[in-house]
Amino acid sequence: MNKFRVKCELDYETFAPLVFLLNVRAQDNESQKVLEESFSIMPQMPHTLLTCAITQNRFDRITAELPGTYHIRYEAVVESALEKIPVADLPPTTHEDFGLEQLPFLYPSRYCQSDRIGRLAFNLFGHLETPVQKVQGIIAWISENVAYTRGSTTANTSAMDTLVDHAGVCRDFAHLGIALCRALNIPARYFTGYAFELEPPDFHACFETWIGGRWMLWDATHLSSPDSVVRIGMGQDAADVSVCTSFGSLKVKRQKVVCEYLSETREKMSAEDLRRMVVCHEVRREAPPAPKPA
Amino acid sequence: MNKFRVKCELDYETFAPLVFLLNVRAQDNESQKVLEESFSIMPQMPHTLLTCAITQNRFDRITAELPGTYHIRYEAVVESALEKIPVADLPPTTHEDFGLEQLPFLYPSRYCQSDRIGRLAFNLFGHLETPVQKVQGIIAWISENVAYTRGSTTANTSAMDTLVDHAGVCRDFAHLGIALCRALNIPARYFTGYAFELEPPDFHACFETWIGGRWMLWDATHLSSPDSVVRIGMGQDAADVSVCTSFGSLKVKRQKVVCEYLSETREKMSAEDLRRMVVCHEVRREAPPAPKPA
Amino acid sequence: MNKFRVKCELDYETFAPLVFLLNVRAQDNESQKVLEESFSIMPQMPHTLLTCAITQNRFDRITAELPGTYHIRYEAVVESALEKIPVADLPPTTHEDFGLEQLPFLYPSRYCQSDRIGRLAFNLFGHLETPVQKVQGIIAWISENVAYTRGSTTANTSAMDTLVDHAGVCRDFAHLGIALCRALNIPARYFTGYAFELEPPDFHACFETWIGGRWMLWDATHLSSPDSVVRIGMGQDAADVSVCTSFGSLKVKRQKVVCEYLSETREKMSAEDLRRMVVCHEVRREAPPAPKPA
Amino acid sequence: MNKFRVKCELDYETFAPLVFLLNVRAQDNESQKVLEESFSIMPQMPHTLLTCAITQNRFDRITAELPGTYHIRYEAVVESALEKIPVADLPPTTHEDFGLEQLPFLYPSRYCQSDRIGRLAFNLFGHLETPVQKVQGIIAWISENVAYTRGSTTANTSAMDTLVDHAGVCRDFAHLGIALCRALNIPARYFTGYAFELEPPDFHACFETWIGGRWMLWDATHLSSPDSVVRIGMGQDAADVSVCTSFGSLKVKRQKVVCEYLSETREKMSAEDLRRMVVCHEVRREAPPAPKPA
């Protein structure tokens, strides 16, 4: 059990009345408990908390009735359950070891055009035997080839661009990892969260793969440790988990993100640990789909 | 109530054992009842019927244990409930009139890069007042500008390509319609089905928009009538509703699709009807999300 | 005859010895005479002036033997000959009215993918009769639809992007104008120069079309007047006329551009003038190619 | 000296009067002599032979005054001078060892977006020492990674697509080779020609690099031998050397290409020869540009 205090401060400016959705709250479920939480918006405006039944992403829907600057403050104490599993202990798995819940995470999406890169993925990683080895190979390849370059990409940048440009930020690293996994028939999804010791502090993006009946977390940037992040959202890619979706023009004026470790001792995973073990944030094994015979 | 007989015959060749998912069955729910149905695969192979809890798409998961040619035959009698609503009777609606269920259909997806075309959509359709007028404007623009050209596009073609190339097939028309709607904050989703009187007969693609608490069906190609289609699948775009998803190499050798009208009389919707009325395939108004106050 | 004083100040930083080519000098030929000119680089380094026989672009090839910051200063007095021709006086012309010299300007290039947009160009401008009317139609369309937005594009942005995004800067406006012209079989080329009264002062990009045996200048941004620019370079698109081509890493630290009008009186072209007249910077009609019978 | 007989038969259908340019004749210059030549078009139409002063590409400009089918027959006997140089004998060379004539072949072009792939090229080939080793490394990489797949690409496919898709035909192999070379500051240009023993017979595309004061020929597909091709055209990429450029709608009905070896004995270059030697089709070393001191 890891305990974190997470915070964000967001100042937005609006020029006309509008509605916007924020996705900054920590997920609150069996794998990750929100122990305390506060959310405020100044000036006060009508707002509603919505939780998606499918993704468990939590949205604050805000009606900004007046133009002006809105100050949003969110703070939570979160306890995260984890499963660290030695790779050697994972059950053997096959491509087809997933149900309809995982199917969307095999399909190409806005920023992860896995349909284009089947040959490329096979050429680079086809020789690796198990799904975990393939993912580890993908992450090693991204680390060696893609330069983490602040400001090198935009909101339009996709995995195909990153394959060509060999530069990007955490979002792009995650998109490329996801696209390559899907191209190898490994379900993969986008993960956003608060990350401890991320430098400079910001919202972070990682990705998860479905292997052996578990979602495992990976950070291709190596800027965070997969056992030290708090999940905000998950989705097919960044399109699904924007911090802010606004129905009208909204301008970010300031953004500050904090993630502190609260438990007394923390054993940081070493590079060796990361090679030997995988980290799962959904500790309970999902029941396999119950097919009815046709 | 419209009644249809739909059929498809698919012959696939495999070169090694593999698993594949077919998505050819008519949806079976309150809006569209499957009265009779048969599905066969020759030679017989283990297969399982799976229904997605979210989309209600129905998949046949087949394990082809031997290389060779597989003959798949599907046939069903389907009764489709429809609501034809005069545009004039639609309640006034606003951008924000949707819940989390509709949110994914506002976000960009693999083939519908709505995030890129906000300015373009506003330039072309911003002057139109209501959401229905905007959709009608989009469809008129697509009809005037995009040439229906068999063979002009591939499985990689997206709405952005079609905006540039001004050519495509039903899939591309639907993707462009969806992308333009989403860019105007109108939730839009992809619809595949059997279409009566489609020439030449094939699987067909249309799109739906969420306006006034209803999903309305539109065919930007005008090749089918929105009251004469049987739904197979829905999703964010074509990535979600492939006829066949295979985990290994599978080759289509033959494909035949049939859609017959069974009811005694059919009043075809005229161009005037299509201007005056919208067609909804989900007749029951979905309950609005029950937000809990934050 | 218009007379201008043009200047630029460029400071570049290098981290290792390298060679770079600058393209900042005014062209010096029958249409545009350089009356005075000075070029300096501090600290002094070996450098050579090269003039391309085909484009007449003038390059300073500099060998930066030491890492450090280089201060480049260029200043010139330039006299520009122009031909303003009433549109009504242009001879009738056809698509095929050009020789091999113009052929490269009909072909697609890095940033002007005219091969993709034949249908689009025909849909938008096919109804316009003469080549000049088509170009005027293209410029009017760009002005209405594309927002001049500083910082909205990068060095990778092409005409296809601008068609989708509806935003850009002078370079993007020129690329889109060129691509649309070529798609309509009107030879078009990229023009870079110093522009009088450009606000804020910077290098500027326009485009030229070959119609009726003349290259005519157009500015789709309307930020400069086609009779008040001094040509630096021409090419198929921006790829051919970078201010600086370096063989190694070079960083711009400062850039200042000046263009002053020296002649006593200047009659600015009105919007009405621009509708009635075209401006040609190559006053001498190029001899038609002398074909030998096959 | 190698001697070849080359032929092509092209049948085109037109639906309205139009002008088109053919580029099928063998170049005729110091490096490659056309000894005999015949060209016919049936029905006879006005046509003119044009030779580009820059590229030496030879165009037949044809005015098809009537709709209908045109039968074009070209046949030539060509003697090609070659220089085979042992790699070991090449003079040492540097990036900057080229003049303005080579500059366009360093810049990105329609199908060779070298500006995008600097990091990728450096990651893959930056460790190789000499320009020839870099080119050999590029060709080996393309051979290993890109599948030669008839029908996998279209006229819109570019080097960036091929980098992602890992499939293509000779045109795509050449574009990718060119883009990678330019990204490493090696001038590279597109080469089209007749190729002996190409199977099935067709027009062929290769590329040339400027190293050590020579243009060397490379075939990344290994389908032809660089000493057994007859040059038709050269340019920045395929955009510059279409077989046919038409100003109006023209449909290919039939195309047949032949290339026979006429000399008595032919020593085919072995894989070992290709590693040890480079083949230059421009035997005369171009005079270096004569810079005038600035």
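A, B, C and D are the chain letters, set down in written order, and residue numbers restart from 1 in every chain.
Convention: a contact is a pair of C-beta atoms (placed from the backbone, for glycine too) under 8 Å apart; a residue touches a chain by one contact, two chains touch by 3 or more.
This structure is a prediction, so every number in the text was calculated from the model and none was measured.
Any chain that touches subunit B and also touches subunit C would be listed here, but there is none. At the interface between subunit A and subunit B, two copies of one sequence, more than half of the residue numbers in use appear on both sides, so the contact is built from largely the same positions.
One finds 45 Å separating the Cα centroids of subunit A and subunit C. Computed centre separation for the pair subunit A/subunit B is 29 angstrom, with centres defined by C-alpha atoms. The centroid of the Cα atoms in subunit A and the matching centroid in subunit D are 47 Å apart. Of all residues in subunit C, those touching 2 or more other chains are 116, listed in ascending order. Here the touching chains pair up as A-B, A-D, B-C, C-D.
Only residues 19, 21, 39, 47-54, 59-61, 95-96, 99-100, 103-104, 106-110, 113, 115-116, 155-156, 185, 236, 239-240, 245, 247, 289, 291-294 of subunit C touch subunit D when the two sit together in their complex. Every residue of subunit B that touches subunit C in the complex is listed here, in rising order: 116-117, 119-120, 123, 144-145, 147, 160, 163-167.
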